[in-house]
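Next come two complexes, and both contain subunit A; in the first it sits with subunit B, in the second with subunit C.
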Partner chain A sequence: MPMSEAQLVDLVINWVRSNHRPGNSPNGDLSPDTDLIASGMLDSFGFIDLIVFIESQSGCRIDLTDVDPSEFCIVKGLCRISLKDRQN
Partner chain B sequence: MSYPSLELANPIVETYSRLAEHYDDETNLHSCWGQAADKALGSIHIKDDCRTVLDVGCGTGRALARLVPRANSEVQFVGIDPAENMRKLAHARLRSFRNVQICNGSFEQIPLEAGSVDYLFSILAFHWTTDPEASVWEIRRVLKPGAEMDLFFIGRDNGREFIRKTTPIFLKYMGPALLLESARMRKQFTREAAHQLFSKAFSAPELSVEESYQTHRDTLEGHWGWWVRIEGHFMRISPARKEQCDLEVKNALRELAEPAGIPYTIHQLHVRLWRA
Partner chain C sequence: MFEFVETPIRPLQQSEQLSRGTVSQQHAARPVLATPTSRKYNGLIQGFLESAERFPCRDALVVDNTNFSYRGLRDRAAAIAQTILDQESDSFPLAAVLASRSATAYASVLGILGAGRGYVPLNPKFPVERTRKMLILSGCRVLVAGREALGQLRRLLSEIDWALTVILPDLTDAAELRAGLPKHRFVSSQEMLQGESFSFKTEVNSSAIAYLLFTSGTTGEPKGVPIHHSNVRPYIQYTSSRYEVNERDRFSQQFDLTFDLSVHDMFVCWERGACLFCVPEKSVMLPAKFIRDCELTMWFSVPSVAALLSKMHLLQPHCFPSLRFSLFCGEPLAAAHARQWQEAAPDSAVENLYGPTETTIAISHYRWNPSKSPPECLNGIVPIGSVFPGQQFRIVHHEGSRSGAVGELCLAGPQVTDGYWNNPEATRRQFVRFPETGETSWYRTGDLVKRGETGGLQYLGRIDQQVKIRGYRVELQEIEVVLRKASGAEQVAVVPCPVADGGVDGLVAFLCGASDPDDLHILNRCRQALPDYMVPRNIYRLEEMPLNDNGKIDRKKLLRQLEGA
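Now for the complex of A and B:
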């Protein structure tokens, strides 16, 4: 059964809780609306690892060409981007 | 509109070559990275029984210029670097020494015979490898049995103050795809990941991986002096936008200022192979 956006959001939040940058603990305030870059939880290297994780979980290849940067940084935006090609 | 940078085979190498004449500017040499390089170089000791010493990523030959005069004249030194104009400067700097060769090469492709090197060192270059595992096996290939090695390169948490401040700006100017492509140009390992990588070709007790964190504080101009080292990351930003991007980056870094200066933490890994 294909993964839903909500399921992927939960997976991403759990991954970020385990892999955020040192000194930028999300505590309880990590939500689908969190900006992972502005909050300092992930840097670009962290995003590379996160993309690999999402692709492995969703089975979808993520195409970041022409992606809106503001959507890319937000948990639910990134999940939407990740599942976009599958839904088309 | 397209830019010449889009056609570069390796933006990091091409940029180092293009900016080679600025690499030994005082501002870079006196920066935190210049100091880190000097400290690493100061820890290098060439044993009397060495016959062939290899410097991978020799750049403009500064390290060799310090080491060669102190060593026995029977020691053969080889410096390799993939950036053509860096090699030209190294040639010019070292031409008076008959026991030094400067060649085109990199961690991925070392132009030496198997089992020919007694001591291999590299200062702040391994993080630019495009293929870490192939590079480790290439190092293993050229080392003699019982050879020694010191590799100094940056670790996963390097520059965390700057990265947090500047990533939103680079995302704005590069977009997600280019930002991640740029990040992939540099490998930043944790100590554990580096140990795992090198353990594929080398084993304890000869192999060790140490890490250090050192926070340097400097003026904005002082830090900007080493920007030449990372310009390759930003080749895909159009020249017109690059100027505005630089301005925003400088403003963001100013916000980090403390009474003692703008902090920048170098996370350095030291992979060492040594004989007891």
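Now for the complex of A and C:
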């Protein structure tokens, strides 16, 4: 049964809750529309860790070659890209 | 080329006086303190102004998809310069700019230089407490603030004791700020002069400061590094020739202004009429699409960017066909990433640059050669190569070591500054003379190097606790000072972790006897005083700190504990 976008969003949010940068508490502020970089919750290395986590969950490689950063930095944008790549 | 450069360079730009302070007996060196002389010199802004004359309608800058011509950018800078001179008649040599990745940021740098002052870049992304510290240490009377910094002005300025003139090119009405902070003088965009007939100050004293940057300091205070026009002009001239920069080039602008590599981006680009493309904040992390979309010809970043792109599978062969030169600086460049980047940008020369802030942007280079370079790499790290022509280096060996062994790299020459800003103690420690080289002032880098078999310099590490995180220089002691205060701990140690491909990805802290039991609270307090890259990722609490035979904290043992965790 393929993972739905909503399920993946939940997974990502839970991952960020446990792995966000020190001092940037996401309690209450973390939603599918959160920009993970602009909010300061993840730095570039944390973001890469998140991608690796999503890839390990989905078993597919995420291709960011032609994706605008303003899309892949948002929780739901990143999840959509991840699932799109799995469908292709 | 790789032997100690014996050719005499021109005398130091400064007259010098000897200090009777600390002398490193190990290096038989004498410390140097300097005072300015008054020889006239072409300022850092000269190249931009010449390009603005030659190419007034060509693009000088692209920010957020908006293009600014050389004429347009010069006019913006003139308005800021004219306003500075109108508001501040005193001759204080510096003015600060608090702006980032905006047209105002670049115009402010040019405007401050055009007013005959050196610029002090402050970073709106840094904690206000740290920015305030830098502003106070600089002593600036003028601050130019961009739109992106308006939200923090109240907190920043409320604890500044002296009256500042704050120029606000992006704010039409400053009444609210004026009412809230009556001590300071605010100049809104509507009150600024237009600068139509402004005459830029291009000729400066050789001792005049072009910019003042702050680096991490071991005592817990940021350390000011003044770079003079006479230091930076030779760099701009050498590199713009070496990279054959022309008006058709398209430069990346990836670094924050508080990072001295941004000076290369701006002024090597503008020296020859090229166009500067400001990398948006969101593309800084993974700029592959930006490089392609903007058809950049010149790339300059820290090696971490290549590492991240590689990890994200974004360094594919031939993916950057427009690049002519790809430069990396600020931290060790892994051979694997140099090779991948070369394959991604087959028409580009890939170079590893090296240089502490004190020696002006970069002072040595190594060009990657796919067939010859791999065996020249040590521990998988690309050599730092040869020192620029006209600059000098020597490797100072520890007593008893043989020639060719590992030693501390010391640098001298026109690019090397003469000391720290209002910090004679640090100056005495790092700027020295050697009996055999007369009056030449040498900067002790603290970097351990050795000569490779083909003569190029190879970087091996540090003699102290300094680390580089994404190119930012970090003194671990500075973090420990903040942590000790934030936690009430008796003993504190910060160690780099994880470390991969010769680069440091993060930091962790060990505390012993901390009065505050809440890690999050401690880290939050750290975030108020330190930029993100200096805040430890995790805190580990110990009953007892491991000590080595000398009774010092055994950092290697701490690292081993982490590896075993």
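By our rule, the second predicted complex is superposed on the first by the 87 of 88 C-alpha atoms of A that agree within 3 Å, B and C clash if a C-alpha of one lies under 4 Å from a C-alpha of the other, contacts with A are read in each partner's own complex, and residues count from 1 in each chain.
The working rule: a residue touches a chain if its C-beta (ideal position, glycine included) is under 8 Å from a C-beta of that chain, and two chains touch if they have at least 3 such contacts.
Just so it is clear, the model here is predicted, and its values are computed rather than measured.
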| item | value |
| --- | --- |
| Clash or fit, subunit B versus subunit C on superposed subunit A | clash |
| Subunit B versus subunit C as contact partner of A:Ile51, first or second or both or neither | both |
| First (subunit B), second (subunit C), both or neither touched by A:Leu11 | neither |
| Touched subunit A residues, subunit B compared with subunit C | C |
| Touching partner for A:Met3 - first (subunit B), second (subunit C), both, neither | neither |
| First (subunit B), second (subunit C), both or neither touched by A:Arg61 | second |
| Residue range of subunit C overlapping subunit B upon superposition on chain A, of 403-411, 421-429 or 511-519 | 403-411 |
| Subunit C-contacting residues of subunit A that also contact subunit B | 21-24, 37-38, 40, 43-45, 47-48, 51, 64-67, 69, 73 |
| Complex interface listing, subunit A residues touching subunit C | 21-25, 37-38, 40, 43-45, 47-48, 51-52, 61-70, 73 |
| Subunit B-facing residues of subunit A, complex | 21-24, 37-38, 40, 43-45, 47-48, 51, 64-67, 69, 72-73 |
| For the subunit B and subunit A complex, residues of the former touching the latter | 156-157, 160, 163-164, 167-168, 170-172, 175-177, 179-180, 182-184, 188 |
| Complex contact set, residues of subunit C against subunit A | 280-286, 288-289, 304, 308, 311-314, 316, 319, 470, 505-506, 519-520, 523-524, 526-527, 532-533, 535-538 |
